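You will see chain A twice below: alongside chain B first, and alongside chain C after that.
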Partner chain A sequence: MSEIKIIITGTPGAGKTTAIAAISETPPVRTDTATTDELSEVKEQTTVAMDFGELTLEDDQKVFLYGTPGQRRFEFMWKILVQGGLGLIILVDCTREDPLADMKMYLENFSDFIAETGAVIGLVKRDMTDTPPLDEFYQALNQQGLMFPVFEVDVREQGDVALMIDALVSLLEYS
Partner chain B sequence: MKYLSSIGLSVKDENVLKSLIDLLGARMSEEWHYRDDVPADALLLDVDNPDAIATWKMRPETARRNTIAYSNSEPGFALTRRLAKPLRAAELIAVLKDIEQANDELAVPVVGSEATEVTTLADCVDRQGNGVMRLACGDREVVIDRSRQQFCSSESGESLAALLTLPLPEYQISTGADVRLPSEASVRWQDQKAVLWLVGQCGSHGKLLDGVDRNGLFRLNRWPGFGPVRPSHTVLSLCSLLSRKSAMGIADMREATGLPEFDIIAFINAAFLTGILDIQSGDVARPETGAAKPEVSTERKGLLAKIRSRLANPRT
Partner chain C sequence: MSQVRISENGAQFCQSVFDDMMTQSDAVYGVLISTVDGHDVVKCFKQDMPASKLAAMMSSVLALGETVAIEADQQQCRYVIVENSNGYILTLRLKEKLVLTVIARANANLGMLHSITRSAVEKLAEKLK
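Let's turn to the complex of A and B:
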């Protein structure tokens, strides 16, 4: 039986590790190391290979949740992690300078994978600063000929993470 | 002929209920029968029984209309019609007559409207346009201020959804200058999209809004913000279906999902009320027959269903 996996990607500090921890049955396996680049001001540690969590289905089949490293210099890891993946969740940190550009960058980099599967966009930390309205994210998707769900989420909340996966599953079945 | 059913009653209560129904006869304007195998016009729910409530919540909205809460005490459960235990004929007759009457009076004029008739809450809210509207039932209320795009309510989450499920005649409706707004300090105003979504989902009762072309082709221009109530599988499926590049008609949606038209109409109305629905005339070229059917293998469908089931039952 092939591995069933859902990929969670997004900007550094968006909460990929937190999202996996919120829903995984087992404590996520993490590959964090001390931050040395410009991120060190906002984040002490960052993921360098992947985060990993799991869900067990009723027949004991496992769904694996993989969190990619956020920084673009780990792009080579993204290509490896998505192989055979079910779909993609993109977390966008809305406190960053240009969240729309961040979303577009991930859509572009994962375009081949997304074309074969589907994606859900999770906007995080929208309450902390002035950010583009939700409509602008949909317009940006529309400009690329895409129509994916965009949710405002708190990735510490199991329900919010479950909603993103649930929406992804529906997309895979019906869109 | 009308049918009554029940969920969660003891064997004794169920037998008493069946006997009482048989005895109602001429006291009712309609002939009532106890049946579990047909869609019921009224449903008696033992709200002291948590398993019964769980079963009830899984039933489609069509099957939950006219639910009567049956309880030992005042239930902490937002249902308008109640019967105290043990069952008494007079009280049962009163509540069933109330259901008969509510169905008869479904067509009522909306206050402040252009003298046209509306039959559902969704129609009522849709026609209200930009003004202020207060919907009340007993001590429960919702105030929608369309000009400020906000709402406030005494209820939240599932109890707000339950309040918006009632038949239209059960609300006291006031509009415009007649609405006494709650003091700013006492309420929390929220984005109206959440309540408009619920009005469409809960208050459509199978009737498409007047402004929506039944033969139209539909597509979402964005996904809804679901607000206080977590979306069901039905809602997520329809969102996904209407996110496709080609717009779809109601019949296509039924074919693709197997969902009843009642649920599809509730979804379309909710999407229309919240402004996320694009509608094309049904006269434009339709997608080829069969295009509505997603090509997902049975094995894959099974896997996706298992993931969905797992998400609905979180483990701590």
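Let's turn to the complex of A and C:
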């Protein structure tokens, strides 16, 4: 494996675009446009096609990172973006109403892809809330027969994004 | 639901512009105005097509076109044209937050489509706030 493709997904505003901007070694490709609907109360811009960034791991392995749009109407992009991908990072925004349900929904949305590859869960905005507890995410994964690492991360920090990527790469290498 | 709504008056004006386009070229069978973030606003389709799905897709396509233009150092993206065995799909920005998409059969003349679309955009941009 000298080049690997990783996909980052999650609800609108979870921080997919932020994560890729934080870690990419090249200026990230962004396709954010103005929000014109109720999301504009939360953020001014939203991704409508994809984010793209690159980085190099210690062993010179190249990682291509693709961020999906979060909103459901862009579901067709999810299917396009996962093609050829080797793993998925699901960002779960813990300030939303039901983060556990969000995680389950994204596991379901990408179930075919995950079944062939693997996933890492990143719990974001933990500085704003410490619920639900980490355990509940592991339990929820367990109930679905899944064993994926779960991290509390701040995707604005390069190191936190790197942690998830490293975990995903090792998960894939040893599975 | 989109927050971009146009008045009944505005919608009528759009429809009249769409009608003109279809009269100018009978190859045109669909015109859609949508938002840059992928919601449909007004449309005139002579054939059944999924407007909400197209609205989302056209915002992705246009965003990618605009991004590619920048990456390739070709400045501002004017149109994105998808040329297919059965027709053309032309899309471009209409003011800051809207997108105009024109769908035409293969017998369309691409030069004609350009000019019809350009003049429609001018009329629409002037009228829409």
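By our rule, the second predicted complex is superposed on the first by the 164 of 175 C-alpha atoms of A that agree within 3 Å, B and C clash if a C-alpha of one lies under 4 Å from a C-alpha of the other, contacts with A are read in each partner's own complex, and residues count from 1 in each chain.
The working rule: a contact is a pair of C-beta atoms (placed from the backbone, for glycine too) under 8 Å apart; a residue touches a chain by one contact, two chains touch by 3 or more.
Keep in mind the model is a prediction, meaning the values are calculated, not measured.
S.K.: Do chain B and chain C fit side by side on chain A after the overlay, or clash?
M.R.: fit
S.K.: Considering only the touch criterion stated at the top, classify A:M77 as touching first (chain B), second (chain C), both, or neither.
M.R.: Only chain C is touched by A:M77; chain B is not.
S.K.: In the overlaid three-chain picture, which partner chain does A:E3 touch, first (chain B) or second (chain C), both, or neither?
M.R.: A:E3 contacts neither chain B nor chain C.
S.K.: Kindly classify A:E108 by the partners it touches after superposition: chain B alone (first), chain C alone (second), both, or neither?
M.R.: neither
S.K.: What is the C-alpha-centre angle with chain A at the apex and chain B, chain C at the ends, nearest 10 degrees?
M.R.: 160
S.K.: With both complexes superposed on chain A, which partner does A:E116 reach: first (chain B), second (chain C), both or neither?
M.R.: A:E116: touches no partner chain.
S.K.: Of the two partner chains, chain B (first) and chain C (second), which one does A:D127 touch, if any: first, second, both, or neither?
M.R.: neither
S.K.: Once the two complexes are aligned on chain A, which partner has more residues of chain A within touching range, chain B or chain C?
M.R.: Result: the larger residue contact count on chain A belongs to B.
S.K.: Touch check for A:D98: first (chain B), second (chain C), both, or neither?
M.R.: Neither partner.
S.K.: Could you tell me how near the closest CA atoms of chain B and chain C get once both structures are overlaid on the shared chain, in Å?
M.R.: Superposed on chain A, the two chains' closest C-alpha atoms are separated by 22 Å.
S.K.: Taking the stated contact definition, name every residue in chain A that is touched by chain B in one complex and by chain C in the other, in rising order.
M.R.: Shared contact residues on chain A (touching chain B in one complex, chain C in the other): none at all.
S.K.: So in the complex, which bits of chain A are touching chain B?
M.R.: Residue list for chain A touching chain B: 4, 23, 25, 55-59, 61, 63, 134-135, 138, 142, 145, 147-152, 158-159, 162-163, 165-167, 169-175.
S.K.: So in the complex, which bits of chain B are touching chain A?
M.R.: For chain B paired with chain A, touching residues are 220-223, 225-226, 230-231, 233, 236-237, 239-241, 243-245, 256-257, 294, 296, 300-301, 303-304, 306-311, 314-315.
S.K.: In their complex, what parts of chain A are in touch with chain C?
M.R.: So the residues of chain A touching chain C come out as 29-40, 46, 48-50, 69, 71, 73-74, 76-77.
S.K.: Which stretch or stretches of chain C touch chain A in the complex?
M.R.: 1-4, 35-39, 52-53, 55-57, 59-61, 63-64, 66-67, 71, 96-97
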